[in-house]
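Scrolling down, you'll hit the structures one after another.
Both complexes below contain subunit A, partnered by subunit B and then by subunit C.
Entry: the complex of A and B
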């Protein structure tokens, strides 16, 4: 397979994993107005959960039960949802920004726990050799294409699931909560319960995305899950795509991931122009801050000049 | 234990300086500014820049405070001002963008490595009860104390300070009686960010400088603000001290790496027991 094609496939897989995260966030924020800034935490929980369950025994970390990957992914979603449930209980009855601070706090706590408790997940060194699905095929050239197909099927499934729910009475209550909580409560809806359900389901998708990431990369460490950077990327994807629009969420994920990886490509090229190791070393040093600056400028511009994103929500009642 | 309490007072002073600005902008503009920690870091690095020019330390601190105040006002003017009509959450997202922007500009200019203001090793002075304290730390406590007194006088005596408290209490009412809201918002950013710069510099003096330092104090200052009651500067002072001391005392029992988890736990407890905080007004619930 040619280089460019296989590059595009890996790009597609990562963008697809981000699309699942963005769809989860869209359910929470786009349709219910819940401000979750702990995406990295839910993602990390999912990634670690399936690693513990599906890997063979190892002295380096907890678990090692060698279970099937399908089961691991299921538990990834469940554990992530459970954490969302626990964090939702004290915060969803309060003002919306308390949820933001609490989710940010839980994401940072999760990262600190996995960094410092070496018995849990091998600390900073992380967990390696997490099994891939159909591992016997993993050497084949079309293997990544197979993985992309799995991701694609999952995205389609989640897309139709959310679309179906949003157009059900349940979904209409969510949108009503987003528009005006007080009015929704006054017509007798249990606002707290609906918010909790939306938070838990959205976080389950995030946990699933974490699990898929774990099996795709085969390696996880706490560094990957830095709360602000990672979470921020998903937020930019949703805002750029247009919150409240599922297709927009998916498109936003692919677009931002393309910009994100593309900028790496560009600085790599810059670094190669100069043969002087000092200059190319300098360029590698500024690479990661430059990318984040670029993305944050894009976000501010979208917020200021195109607050509905590229697609926005279709205003149909 | 007395040593840990002294350490806690030092950390507490730093957190108080950060949280006064956060609570004022939170109360007045009604949004949680996630960039406040990185404003602190920006102030700390500005001071490093001035020290590099051989400016005396105290002058460097004052210069950094003024420039950081300007930086805060500039960010408000460029971004937040135009989003004020939107919901508080849009502002919150914008502030996350601003936070990452600031942090990475700092990293771009100063590099990702740890830096110290001075390579000198200070001898700790011995005090009764086995307490050891460095001259820098005495400076941090004294300077923070002076700044807090100054803020207190400013809020209680000056017209602008009084207007600030009025605005934080009830924006509509303050507007009705003729307080110029935009002017007060301008001053609030200035005051809050100047104090944040001082807090950041003292944090750099006590620990070290690194681009991520603003992130490290973000949860503690939020915990302090919520514990004290959003919008209440006096609450932030009390909350900051409580958070600082609890963080340091906790290191006697658990791994010091979990300091910010401790402040997060306190935050969750406050949300469960008394979400309006110690000095806050009661939130209207949906």
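Entry: the complex of A and C
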């Protein structure tokens, strides 16, 4: 398979995993106005959960139950949803800032726990050899294409699930809460219940995305779940694509991921073709701040010309 | 129907409501007037559960409701409007109204997924009702517009339209007339009378004295957080204490 094509396929897989995260965030923020800044945490929970369940026994980490991958992914979503439920229970009745603080806190705690408690997930060395689906095919040249297909099917499924759920009286209440919680309560809706539902369901998708990541990369460590990549970037994807629009959320994920990893590709190339080792060293050094600046500038520009994101929210009815 | 006993509410030293007791009789259109800052809106906020009182009791239909959450109070069929319109901005005018009816099956995910037929039927009826209300308040041409794009007066109308969607036993109106044109206001007054004739009780805050005088009986006057006096329009007009309160003497 040609290099470009296989590059595009890996790009598509990661973008697809991000799209699932973005769809989850869109349900929480785009439709309900819940400020979740711990996306990386829910992602990590899902990633570790399925690793524990589906890997064979190992002294390096917890679990090792050798369960089927399908089951592992299911539990990834469930555990992530459960944690969201436990976070939501005390915080969603309070002012909105509390959810932000709690989700931020939990995401950082998860990273620290997995770093320091090596008996859980082998600390910083991480968990390797997480099984891939249809592992016997994994050497085949088109294996990644198969994985991309799986991701694609899952995205379609989630997309239709959220679309149908949103285009209903249930979705109408969520949007009302996003617009004005007090009014929504004053017309008889149990705001707390809806916020909890939205938080839990959105976080389940995030957990599932984490599980898929685990099985795709086959290796996870606490470093992976850095908020820059799996919280900040997801927010950029949603805002850029159009908060409150599921297609926009998906498009935002693909676009931003293409730019993000494309910029890495580009700086790598620059560093390699430069003959002066000092220059190439410098390029490598500024690589990660550079792409953050690049993404921020693009975000600024889009918001300047299209304040509601590239797609914006669709009117319903 | 609504009984308030020795209510107190402090905002960091400001006694917004102080030893306030009053009663609204079933079937009346009771007016609530008083100078700016008298505590009228705060009283509504306490009755509708947005704030919990520091002290005192609120009874509705023989049930104590103080301290209940707003959604519980709505479910007792007591509804309020807001002085400064709080429309749901990035939702269409129609959606703003279709939100209101209580006990929609489609408001639970299980209903959305497992009772689609029933939900569809309810939505159809719900929409029909919303269209009627929009027709009445003359906003039908704006039904698919985002509520944020309405004018101040139109937003006020939307605020009132919500109560028409809910059909509660008692409605608290906070300055319904502010910013609404005269012709439409007269129409609204007629409608309030009509709804009232069907048994709905009103408590209405309003600064427009003509409106209050010809619509409300009795009228309660509030000043500095408590009831100053109560009576018919004629009595209120000739009460020197009311004049004093308004002039701030």
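Points to keep in mind about this one:
In this section, the second predicted complex is superposed on the first by the 308 of 317 C-alpha atoms of A that agree within 3 Å, B and C clash if a C-alpha of one lies under 4 Å from a C-alpha of the other, contacts with A are read in each partner's own complex, and residues count from 1 in each chain.
One rule holds in what follows: a contact is a pair of C-beta atoms (placed from the backbone, for glycine too) under 8 Å apart; a residue touches a chain by one contact, two chains touch by 3 or more.
These numbers were taken from a predicted model, which means no experiment stands behind them.
In this superposed model built on subunit A, subunit B and subunit C occupy separate space and fit side by side. Comparing subunit B with subunit C, more residues of subunit A are touched by B. Of the two partner chains, subunit B is the only one that A:102 touches; subunit C does not reach it. Once chain A of one complex is fitted onto chain A of the other, the partner contacts of A:276 are absent, as it touches neither subunit B nor subunit C.
Of the two partner chains placed around the shared chain by superposition, subunit B is the only one that A:303 touches, whereas subunit C remains out of contact. Once chain A of one complex is fitted onto chain A of the other, the partner contacts of A:188 are limited to subunit C, with no touch recorded for subunit B.
In the overlay built on the shared chain, the residue A:179 is in contact with subunit C alone; subunit B does not reach it. In the superposition on chain A, A:170 makes contact with subunit C only, not with subunit B.
Legend: residue contacts after superposition of the two complexes on their common chain; A:197 is shown touching subunit C, with no touch to subunit B. After the superposition on chain A, the angle subunit B-subunit A-subunit C between C-alpha centres rounds to 70°, nearest 10. No C-alpha atom of subunit B lies closer than 6 Å to one of subunit C in the superposed arrangement.
Judged by the document's definition of touching, subunit A residues 182, 185, 191 lie at the interface with subunit B and also at the interface with subunit C. By the touch criterion stated above, subunit C contacts subunit A in their complex at residues 48-50, 69-71, 74-75, 79-80, 82, 86, 88-92, 94-95, 98-100, 102, 104-109, 111-113, 119, 122-123, 144, 146, 162, 166. On the subunit A side of its complex with subunit C, the touching residues are 164-165, 168-170, 172-173, 175-176, 178-180, 182-191, 197, 244, 313, 315-317. Residue ranges of subunit A in contact with subunit B, taken from their complex: 33, 35, 37, 90-91, 93-98, 100-102, 104-106, 108-109, 112-113, 115-116, 181-182, 185, 191, 228-229, 232, 235-236, 239, 285-286, 288-290, 292-293, 295-297, 299-300, 303-304, 307.
Across the complex, subunit A is touched by residues 31-32, 34, 79, 82-83, 86, 88-90, 92-94, 96-101, 103-105, 107-108, 111-112, 215, 218-219, 222, 226, 255, 257-258, 260-261, 264, 267-268, 271-272, 275, 283, 285-286 of subunit B.
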